[in-house]
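Encoded as structure tokens, the structure appears first; notes follow it.
Labels run A, B, C and D following the written order; every chain starts at residue 1.
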Amino acid sequence: MHALREALAAIRRAPFLTVLSAGMVALALFVVGLFTVVTYNLHQALTRVEERVEVVAYVRDDVRPEELAALEAELVGMEEVRAVHFVSREDALLAAREDLSEFEDLFTGLDENPLPASFEVELHPGFRSPESVARVAEVASIYPFVEAVAYGRDWVDRLHLLRQIGAIGTTVLGVAFGVVAALIIATAVRIAIFARRDEIYIMRLVGATNGFIRRPFLLEGFLTGLAGGLLATGLTYAAYFAVYRLVFPIEWIPIEWALGGVMTGGLFGILASAIAVRRYLQEV
Amino acid sequence: MHALREALAAIRRAPFLTVLSAGMVALALFVVGLFTVVTYNLHQALTRVEERVEVVAYVRDDVRPEELAALEAELVGMEEVRAVHFVSREDALLAAREDLSEFEDLFTGLDENPLPASFEVELHPGFRSPESVARVAEVASIYPFVEAVAYGRDWVDRLHLLRQIGAIGTTVLGVAFGVVAALIIATAVRIAIFARRDEIYIMRLVGATNGFIRRPFLLEGFLTGLAGGLLATGLTYAAYFAVYRLVFPIEWIPIEWALGGVMTGGLFGILASAIAVRRYLQEV
Amino acid sequence: MIKLTKVTKEYPPRGRALSDVSFHIRKGEFAFLTGHSGSGKSTTLRLIHMAERPSSGEVRVLGFSSELATGRDIWKLRRRVGFVFQDFRLLPGRTALENVAFALEVTGSPRRERIPRANHLLEEVGLSTKSEMSVDVLSGGERQRVAIARALVNEPLVLLADEPTGNLDERAARGVMELFLELNARGTSLLMATHELTLVRSQPDARVLELDEGRLVYDSELVREESA
Amino acid sequence: MIKLTKVTKEYPPRGRALSDVSFHIRKGEFAFLTGHSGSGKSTTLRLIHMAERPSSGEVRVLGFSSELATGRDIWKLRRRVGFVFQDFRLLPGRTALENVAFALEVTGSPRRERIPRANHLLEEVGLSTKSEMSVDVLSGGERQRVAIARALVNEPLVLLADEPTGNLDERAARGVMELFLELNARGTSLLMATHELTLVRSQPDARVLELDEGRLVYDSELVREESA
């Protein structure tokens, strides 16, 4: 109660400073929020694209059925592999005709089917990295009757890079703007402490514990941070909504993340205040 | 001397606050700076494009020379008009052949010249607004032997709109961020005053004039604003340079403008401090 | 209760406020600390309040030793020791009542007891009509009496008073002395720094300690023992 | 020199610090202002220093009237009136010397005269050894003497002193009184608020004004006139 009363009094005494701090925290978290939305959507898109990451092993026409069975067994036995589909030469031709209907003439006049049979290997979600894909491809290519293995190496590599850039970018920006936000809250709290240093000293002289003195400042930091977090979430949602409506549909981040962002703001405020107060209380 | 000593002492006492203020001022002026560079380049481009704003009056084939002379005289007499060029039917054909050399065949096989003669009316720089252009066109179109008047209404309108948007945008952003910067400096100064209110009161009690008390704060505001202005100019130049190198060549704003920006930062700081101090000194 | 053993307090680079001071004040004693301006009276009280630590020697108060006391011990100690500061040290911008009640809030006494208790103490020092006024607008003597009320509100075991009558007229000073004597009669030990010799002489039974340039030059107890 | 005419000072909503006070102190006079705590002594001095304006009545000091004085007049006045504040009002974080020299800087006296002059005054109040110490670490009596030195450094025409010996031992108080008398002998008018009657009695020739609950209840000049 004492703490809340004091914290509100401090905010009332220097409202502009509080608004400034909350605004700066909001700005910092807003940037993080925007990047989170972008990364989240990138992540969703990548996951959908990665669904289609597969390895295709083309086999010779003269392969024997038991050889095929041996390859299939080995592939199915690998931990990376979710499923293996055999595509016969006939299936391949049918599929090609369907996919490329505008070039149908090309396929109809043929004496002989030019397409090879193949195994299409689906991978488990956790094993779509360039390394896993390469390992599966290598296993298949050891068999002498496997003519060629295709898996779009460049494409997989690039997907992976994009995702890594997204993750690193969010982390770096998050940390950078987080530090800025913390510095700002800490400054606001230090100013509040500085303005009341005599009072703090007097409180200590009449026997107030550090906790008693510290609590209003921590609360002030918490409220400032929380306000910043809420504002940032609102701004981020507004930005998301504008893009959703005006540019193209994107997804909103999970609600837990948004709540997490707000709480992060609050925790941040407490932490920044705690550091500012700790340093000061040691000085007195 | 007293003022400088005190101002530096104040900055030393709360360096982070000073850095924060200067940084915020820099940020605000940076945004203004970026917009100024964009607007300046837009302005330059528009001016180059506007050079080509002209009114063309096409005349009938059966016009008499004295009628042409009357029109020319009236046009030349208008304040909007810089020069009038008569383009005969033959000149028009030659020009068309040159401009559209890839369609030369189209013009060579002709029995008769299908193009009309025309007056090309150049306008003075100050008279390239939609209104001026329309006025000149109207004068020309009153003559019965004038078949048609062309001046790209849409185009002139759009140019004009662009320029207005640029000017309004710069003004609005400038004022908005200017107010933010002023609020921040004023807050910093108020905090400085608040931290030293007892001292100020004591100075007044021993007979210090308001000027004596005020000077260190004004100087502090000036230095903060100046630092912000310098930083903003640096940032703007960096942004300009990046675009110049990586995207496409744009022009740097005149050096006087940049200096003006820095001084604006400083004046700003003084003004903000003066307001903060004035309000306080009245309170005591 | 309060025991100083060969206490020296130095302020580097130069300056020595106390040199080798030893004395012992027992439970329930009433002691004056006198001496010229700058002789070390306030420093002695600050050391007993553990606002500072001695450069050498030991200060023991209510069982806490200056050599061992932790931050936690110090606030425990301060809740049982009242201090009337020479420069009052009131919380600015708050009323007299709030200032006194605050000392109760700090020690965690129940909310509804605070205001009546604080009001009672303000009445004792003759300020009941000014309790709702901000301490910023009170006169020097009124502030001093608020500081006295605050020091007494927790019923301290030990009361340290630094020049508590410096801003009071004779009548008010007499009232405060009576309050102190009453408190002392109920068992509170009292150490009062003052340069007003009339005040000291008015209590012939009290213990008197005199400092001069940081040295203890007179202790009535030792004189009595010697002459006995 | 100093003339109060039917001066009343009220602090709304309730509270009246002075009621209908009139007196006149002439050039070169030495006057004491006495009264119980809260009787309005400090308020009277603040009105003369024009830190506040009366609710009704007029205060005239050195030709400036409280009814007409502008901000500019006020700082002109303050440069010729020394004030020893009851709570000292020193600039925190600065040395004793800086505090005294500051009063000279404010009045624009030449740079090289400031330090010697400030040092001289500190010596007069017996603080020459402490001139380089921050006022934050000085003892109560030492601070009071810095405040006295600051009030005297500009050779004021009028000296207002509010309880200037409240924190001083007898010896130091005597020194300050001697300084004041010397200053008075050189023509400075002096108005000193105090509750120490011994001090008042030690100067039988001085004018004595007594306040009680904001009313002027005794003026030695009028008594003398009446008995004459």
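Some points to look at:
Convention: a contact is a pair of C-beta atoms (placed from the backbone, for glycine too) under 8 Å apart; a residue touches a chain by one contact, two chains touch by 3 or more.
All figures in this text were calculated on a predicted structure; none of them were measured in a lab.
With respect to chain C, maximal separation of chain centres occurs for B (centres as means of Cα atoms).
Centroids built from CA atoms put chain C at 71 Å from chain B.
Between chain A and chain B the centroid-to-centroid distance comes to 42 Å (mean Cα coordinates, whole Å).
Centroid to centroid, with C-alpha atoms defining each point, chain C and chain D lie 29 Å apart. Counting only residues that touch two or more partner chains, chain B has none.
Not a single residue position of chain D touches two or more of the other chains. Chain contact topology: the protein chains form a single closed ring, every chain touching exactly two others. Contacting chain pairs in the structure are A-B, A-C, B-D, C-D. Only residues 11, 15, 35-38, 41-43, 86-87, 130, 133, 137, 139-142, 144-145, 162-163, 166-172, 195, 197-198 of chain D touch chain C when the two sit together in their complex. Of all the residues in chain B, the ones that touch chain A in their complex are 14, 16-17, 20, 183-184, 187, 190-191, 194-195. Remark: chain B residues 2, 198-199, 201-210, 212 touch chain D in the complex. Across the complex, chain A is touched by residues 49, 51, 71, 75, 77-79, 83, 85, 89-92, 102-103, 105-107, 150 of chain C.
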